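Shared chain: chain A. Partners: chain B in the first complex, chain C in the second.
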Partner chain A sequence: MSNTVLPDSSPLPGRRLKRLMSDYPLVPLILLLVLLVAVLQAMRPGIVNPAWIATTIKFAIPLAILAGCQTMVMLTGGIDLSVGTVATMAAFIVATQGVHHDPGVAIAIALVPALLIGLFNGIGIGVFRVHPLIMTLGTGLIGTGFLQVYQRTVISTGTAVPPSLAWLGTGLSYGVPNALLLFVPVAAFILFLLNRTGFGRLLYAVGDNEHAARLSGVRYWQVILTLYVLSALLAGIAGLLYIGLIKSASLSLAEPLVLPSVAAAVIGGTSIFGGRGGYTGTIIGALILRVLITLLTVMQIAEGARQILFGLIVLLVTAAYLRIIEDR
Partner chain B sequence: MTTDPILIARGVAKHYGAVAALRDAALSVLPGEVHALMGANGAGKSTLVKILTGAVRPSAGSILIRGREHTVRSPAEARRAGLVSVYQEPSLIPDLDVLANLRLTDTPLEPFRTFVEELGVPDLDLSETARDIPLAVLRVLDLARALAIEPDVLLLDEMTAALPANLAERVLDVVRRQSRSGRSVIFISHRFIEIQALCDRATILRDGETVGVVDIEPGIEERIVELMLGAKVEKSRIKAAGIGASAKPAGPARLGVQHLQVGTKLNDVSFDLANGEVAGVVALEGQGQDELFGVLAGSIRPSGGEVLVDGARVSFAHPADAIRAGIAYVPGDRSEALLGHRSVRENIALPFSARLRNWGPIDMRREQLTVLKAIERLQIDTRAQREVQRLSGGNQQKVTIARWVASDARTILCFDPTRGIDVGTKRQIYQLMRELASQGHSVLYYTSELEEVQLVCDRAIVIFGGRVVDILPVELADEAALTRAAYGLPREAAPVATEAGMQDGAGAP
Partner chain C sequence: MTRFLRRRGWVAGLFILFALLLVATKIIQPGYGAGDFVSLSRAVLPYAFAVAAQTVVVIAGGIDLSVAAMMALTSVTAAAMMNGASPSYALFVVPFVLALGFVLGAVNGILIIVTRVPDIVVTLAMLFVLQGAALLVLSAPGGSAAEWLKALVVGTVPLPLLPDAVTAWFPKALLLLVVCLGIVWIPLKHSKLGLSLYAIGSSELAAFRSGVPVARTRILAYAFSGLFAAMGGLTLTMSTGIGAPIPGPYLLASVAAVVLGGVTLGGGRGGLVGPIVAVFVLRLVRTDLTLMAVDPNVTTIVEGVIMVVVVMLGAFLAMKGRSP
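This part shows the complex of A and B:
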């Protein structure tokens, strides 16, 4: 741990490679992504074409946004399990309110629960020091409950996904997914936030050593409250995009994305214990997961076996990756 | 000596890697004797105690109990051999009630109750959870539990430190009675008054070696202090250089502390820290210095008294409040201050982002310049700057200080900043402190290495038992004088009276 690093003049080749990986942790991730695509192409020649790439990206984007929530939250040593509920609520509400209101108004209404759940999470975790896992699990369940109550009141109205969301979610322009119009600014925002703003610095600081941050004058609750509100709003936005992609509202629409969003952040090199990681890795992590899903689908094996394999691969990749980038 | 010693330790040594915590310690305790074990911070007292009670295995040496050699492998084994200790920290399990705690250690109940009453706690409820019992009573219960086992040798480590005067008196009575009934007590204390009143002999440790065994008699304190310090006494006298001679600017003090109180840990502490001054704080371990720094840094709320900054009253609820008032705290433990996985740059720049209004985009070029200036000024070796945890201890320490140099904090509280770092870095830190002072910054500098006071400080504030017992001008603050003061002894009268007279007004209460 406390070893001073000496300028290594003639290390072993393996060790040197490790140093390189440790200094550029994205390199092995990109290599893995390329490898998976190559394997896919080898198994089913011709499958890797522009249409497939566009579809993969379209499905990776909502996952990558939710994984962005996880990345920021995990940097502080937390986790946000309520993102699935928040995204589902936003999606379901926009689809039902879209019947009566303008898309703009429906979207605004749809993001209110996101704001509330974010505030609730932030106050519970930042002020009352409830463990993030418990807090967000609880608010997620509460949100699902409210959504069921809400569903009763709109059961006769039916749903209407705003066409603009459908265009954004599924549409292609010149073969490029329109969703990128939303994702590129969102990703740029998160990257800028993490690397170039005071708030981003504090996320890393709080996760690395909360006591040290406190001694430097950082007020924990301010950081945490802002963070969880931000995370919930992003999750809401991801939900809006997802309903545009799936086009069929349900009460558990985005729930299956929750654990993959954690997995994408972890595969991307963000430490679940806080203080280390970044969003670029997470984006690649989300792509890796999507490619992996295609790969397992192509293999035409039973659903159960596929899930087992998926879990095993995620586990192996994460463990191996951490081994590679930890330069100890 | 007609009787044979009940406990003999010979040539005891303990090495942790290359570091020797104990090199050649010897101790011999007679039946029915109260034997004091003394030594400055880091002399090896606690290591010797841990070895005697089986908590730590010695690297060398032998321990004889009643003339037979014993290898004490665990506290339970020590207890079977008749050796029981009461440590500095309460040892009851907080979540169990008293009765369950007693059962855990097979303590006989009746004698325990009798001792508890004798020690001045008449109405103890055995079903009370240990967590809810006040610290002073917990200490008494620990002692009663040890006594109830009827040990041949009882080892008391700073037993009276957390006790109010009336309970402490009772404890001393019980210990005395214990020795009259032929049992032995090893007594560790920083209070000469207690040792004078209680003990028959004292063994003195210095740098991991036993340097003397003395009979306790009136006036023996001088001899004991001499033994604890060794040859350093003569040497350091010469060093009294006049670095503190610079004239103090007028106006209100940068930092004023008035009648400060923190529970039982800090009592009526008052002193001023002037603009451009480095004031040393000297105290034995656990005399309230942690609480003092905690209050000034905004981590602990005082229970009484006032803190003034530039003459205005302040009250800190969070370190952020202290920082806003220009007070920065460099903790003694570097790991409390550093973001181990982050870069040197981010560590130094951390306070810049702390306030809500600085959460926005960072001016990277300006930050770079500020940080580089601080790095240069402290001569931080940045070869491994990507992760602070890869730096050497000395460089890490520099980063914790550089952070506040870069933030231009007007007042810096340094808690033992040179602990465990190399000599070269130490010198750089001394020099930096003097530079900061000459630029008008004020520094409160706690140190456990007494020779630093004359190298760095303008004055030395000595704290003992939660009170300021003396404020020494730097000319007088050599190691001998500081050690005496730190043990609560009055100043040596003869050679220094004239000089001391000038500043004595602020001194001893």
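This part shows the complex of A and C:
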């Protein structure tokens, strides 16, 4: 910054705006979200009403939780591609076990594979130092295989989504989605963890400079193991919520959310190389993606063109946002 | 000696593994013969090109998530252009599609350089773009391929002076694979550009300070990746006779085989032979499990376990090698 100081003591308005944006990196994200909603309202007047907002939030929440897993993992310079499989497994198992068991028991059973996959990821990445991309890709593949085998054994039982999950996933109380009852504590937990606890500091430290972190006495494998177990459990919870929202179990339920969850974290300003980012940006990133998807649906263009626009906009937003926050 | 083993050992081990698997296959299914090997080679083709595409980029220290989508786009483009056209028109289609892949790959690279967004995010965004473009070209599987192109991957190579029992083991698909990859990869690897690829993969900063044009090399790495992906897309059209706009499972498979083939994800190490042999190994495992009448879903588990265990083992050996 020092070498770009202008002779004039009052900087130009454009520069001041940019400075403001780089000091408060959430401002441009919120502006973009408002802009997208405004465009939507202009294209289809009256679409932005309380019911629409509730629906958008309902669909954004599972994505935001998965993106939360992605954010935490990306802070250490990793990535978790198994979240889709974990969420799908939790959803599918709760729907099939819900036929015979109490919802509470079914939910507990459904979170077991999440725990196992998280442990496996953590051991592979933390102890054996396997690249996170490969490890989570592999465990995701294994999980999908197990799920397919499991499906054979329950093919005759049918599915039953526990009513409590359906209430949580789809229900509204006074026009406010019930899913917020789950999401607000989860988000508060992640934010508290990242900003206020030693564990959160360790995540940033490991991602920023792993070698320095190790030399300062951080037990790398313990941090990584805890992180991936936590990520998998959150992904499992997101899956439980998602089945309450979609209400029909399938073997690829949450897979389409994986790449958008990475995109939401990246749009929210979390660096994929680690050490920089936070969860607030990610939540706004998830909302931006949801509004964008609605916008592209409302435009009534061909599916192919919609995907092209989605990819281009994600790239453009990320590039622009990186320019803004890196320009300090 | 140990150094030689460490450098070549991985690929040699893969060859031995492949041979062992062939023996195992013969034991499981005594009738397994040349005909099955020919169909194996045919099934491997698109996977092998996907892996080649991924390998080039990974050696240069990057990753390409858009490989499968690129294959889908080039495949439907070829199928749509050849639909109802004369066989000689296909002579124009093939170079056009290859050039398309090269250019789109270069676009990947240029976007990474210009936007300064991490490669994984850029290629992720391009995955959506290419997939969407494929849907615009053909909204449902369709199109057709010229007969002579289809014939290129069917059957065996008629070698003069050799008995049929031997030529039966030389599938045309394998020849096509070796020729296509060799024609691009061998000159590339021995050129200055090839050296630059390895250089920016092992240390971008050191390469930059030694005068390697990092940006240009990175763009070319993605361009060659696009070229290989386009070859993969063409072989998809050639072996199925149509183009399908939905990408196949080639992205996961390509990353798995790259790692299994001894190319480190950090970049700068490995070659093309290892990953290609790894693809054959993975496909043959699948065949074996099918022959043993194992539930195809269990096959997915086995594939995942192989991938994870091999990578863990490799990482563990690397740790051991570093500590003394």
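Following the convention adopted for this analysis, the second predicted complex is superposed on the first by the 315 of 328 C-alpha atoms of A that agree within 3 Å, B and C clash if a C-alpha of one lies under 4 Å from a C-alpha of the other, contacts with A are read in each partner's own complex, and residues count from 1 in each chain.
Basically, contacts are C-beta pairs under 8 Å (C-beta built on N, C-alpha and C of every residue); 3 or more make two chains touch, one makes a residue touch a chain.
Here the structure is a predicted model, which means the values were calculated and not measured.
When the two structures are aligned on the shared chain, A:148 is found in touch with chain C, with no touch to chain B.
The partner of chain A that touches more of its residues, comparing chain B with chain C, is C.
Of the two partner chains, neither chain B nor chain C is touched by A:298. Of the two partner chains placed around the shared chain by superposition, chain B is the only one that A:205 touches, whereas chain C remains out of contact. Looking at the shared chain after the overlay, A:218 reaches chain B, while chain C stays out of its contact range.
Shared-chain residue A:51: touches no atom of chain B or chain C. Of the two partner chains placed by superposition, only chain C is touched by A:319; chain B is not.
Residue ranges on chain A touching chain B, taken from their complex, read 1-5, 7, 23, 192, 196-199, 201-202, 204-205, 208-209, 211-219, 222, 226, 275-276. Across the interface of their complex, chain A is touched by residues 297, 299, 318-320, 323-324, 329, 331, 335-342, 346, 349-356, 358-362, 364, 383-384, 386, 389-393, 403 of chain B. Taken in their complex, chain A has these residues touching chain C: 79, 124, 128-131, 133-135, 137-146, 148-149, 152, 259, 262-263, 266, 271-273, 302-312, 314-315, 318-319, 322-323. Contacts from chain C toward chain A in the complex involve residues 63, 111, 115-118, 120-122, 124-129, 131-137, 139, 245, 252, 255-256, 259, 265-266, 295, 297-305, 307-308, 311-312, 315-316, 319.
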